[in-house]
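Two complexes follow with chain A in common, the first pairing it with chain B and the second with chain C.
And now, the complex of A and B:
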């Protein structure tokens, strides 16, 4: 009975396939999360990446500031620019939403917007722009080199993209949450849902 | 065929059926999930200080534009939204431009006056609750909402809303939605 024979082969092939997939999943788990994890892998999971570092920039009042000026305060740092030609980033609004929800407990948090477009975002332009938001937000600009150094410290990137009538900036859109001692705590992703973003802000405030 | 072989074949067949049924069920439930009414829970403050619940826009198609005076592309497309409302606004269709400016009327009213917007009404969402509520990550974002309050289209970024191609696209979404509702 050739038909049954083929069915039998097919069934055995299925059994082999299922056991192979099962074994692969088990092996993968063993290596990545299970007891077989390498010491280096453990460090990568538990260690803190070196994000953040020294910067010297100019705030929206024209004052020169460094990272040391904000030591002792948890920070929410993100990169942006005010001349949005097609779609405006809304991180400032989202941060205001989060701190508004947390209430007075969020007062110690210092929100820093570092422009990636220092050519157009002068201290005056930043001051004008920031009027539309939470008055506690500090806008930072500086020379191209100063801004690039801050970008490098935060392992962030920014790139000029020419458009029909000028240019726009493509840049990292995450919010870096830094501890009061200046160390990196965690980051909020651009598309992160509100509940988990709230939890992260609360975490850095503790 | 030996009894063991037969049992194996039956077991394999059974397993395949189970897996097939389970994945079919997964796909089916994912597809059948209806879109939730997007405006529930949102609040629209009018120029005279009234708070309209999102449900008050039920029964008509709404082109909901989320904007702010600090957003240059939003500012640029506002006159075209005003013209679209003048052209198409009716009991069955409304362009609703919702400002998320924190200062609210204080900055929106002068902007309307300066820009000469006369057909659009002022709607304010000073706490920007529409941002997480509608999962908006950039401004402007424009949504087309059907009379049952469900989102049927979304356009991130600015456009000229009264251009024939834009109007045709909106009309197409509306007629498609009318067919499926009936």
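And now, the complex of A and C:
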């Protein structure tokens, strides 16, 4: 009966195909996610570009601080300036909402606002500005070179844009979440929804 | 220099007689334009600038254009637009003003179009009402009040606020 024979061949062909696909999937998993992946692959999977690094800046009380002063605490770092009615208050209030929702577990998180406009944002100016926000927020300024170095460490962008009556600043609007050991964890985008931002803050607190 | 703001503050304020025809509790109208719930964010003590927000609905058949404004609360009012691209926030003055096409509603809200109150005379405090005027190319001048909400408020408080 040739028909039966062909069905048998077809079945065997199917078995071979399924085994082959299964083996390929297993091999793929081994190399990308499994124990067989390379250290470089592991870093790429976890998304660890070299963001963050040493900085020396001046806080709103006039004290010189470095990144090492915050070692041991997870950080939420973002860039802004006080001549900004839009992004900076939004971000500060958003961070307060997130830490408020998490409660006491968020206490270790240190929020750092680094000004991109040190010419206008003196420590005194920052101190006055921050009176309107969560008292745990630290404002950082410094010389133009110190601020530029911090921007470079965080791969962040800021540019002075002249206007008719002075200038404004274009700047990165994301929040960098840094682990307690100083390593980069992840970023919260400006328009990120709350659930996702909350999850990220919880992640850096773990 | 298309901003009519500077120097017109006094004139504009005296135009209070030019009654703002309240449509609802906190809405205004001038010609075919309806101005919905103007509000501002409270400003931190050292801030020199503040953001003002509202909605402008053009119910008429003709296009109009918001070209300037003024306020008792600050030296100048500028029309600004913030925009986010590639994680970078940029803020620019709309020196030519902003068009209000017929049948459309223009929303001024945080992170987008806003009235920039420049050189605040005093910090804007939550609960304050700040007198201001808007100048339109066709419809003319309208007196409004900005209701001051919290610092960094994402949107106006819900009370008396209707979206179309």
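Keep this in mind: the second predicted complex is superposed on the first by the 154 of 206 C-alpha atoms of A that agree within 3 Å, B and C clash if a C-alpha of one lies under 4 Å from a C-alpha of the other, contacts with A are read in each partner's own complex, and residues count from 1 in each chain.
Methods note: a contact is a pair of C-beta atoms (placed from the backbone, for glycine too) under 8 Å apart; a residue touches a chain by one contact, two chains touch by 3 or more.
Predicted model only: the values in this text are computed from it and were never measured.
Of the two partner chains placed around the shared chain by superposition, chain C is the only one that A:170 touches, whereas chain B remains out of contact. When both complexes are overlaid on chain A, the residue A:133 reaches chain B and chain C alike.
When the two complexes are overlaid on their common chain A, residue A:93 makes contact with chain B and with chain C alike. Look at A:194: by the touch rule set out above, it reaches chain B but stays clear of chain C. In the overlay built on the shared chain, the residue A:157 is in contact with chain C alone; chain B does not reach it. Of the two partner chains, chain B and chain C are each touched by A:84. Common to the chain B and chain C interfaces on chain A are residues 82-87, 89-90, 93-94, 129, 132-133, 190-191.
Listing the residues of chain B that touch chain A in their complex gives 1, 5, 8-9, 11-13, 15-16, 68-74, 100-103, 107, 127-129, 131-132, 136-140, 156-158. Considering their complex, residues 41-51, 76, 82, 84, 87-93, 95, 110-111, 114, 116-118, 150-154 of chain C touch chain A. By the touch criterion stated above, chain A contacts chain C in their complex at residues 82-87, 89-90, 92-94, 124-125, 128-133, 157, 161, 163-165, 168, 170-174, 189-191.
For chain A in complex with chain B, the residues that touch the partner chain are 1, 4-5, 7-8, 10-12, 14-15, 18, 82-90, 93-94, 96-97, 100, 129, 132-134, 190-191, 193-194.
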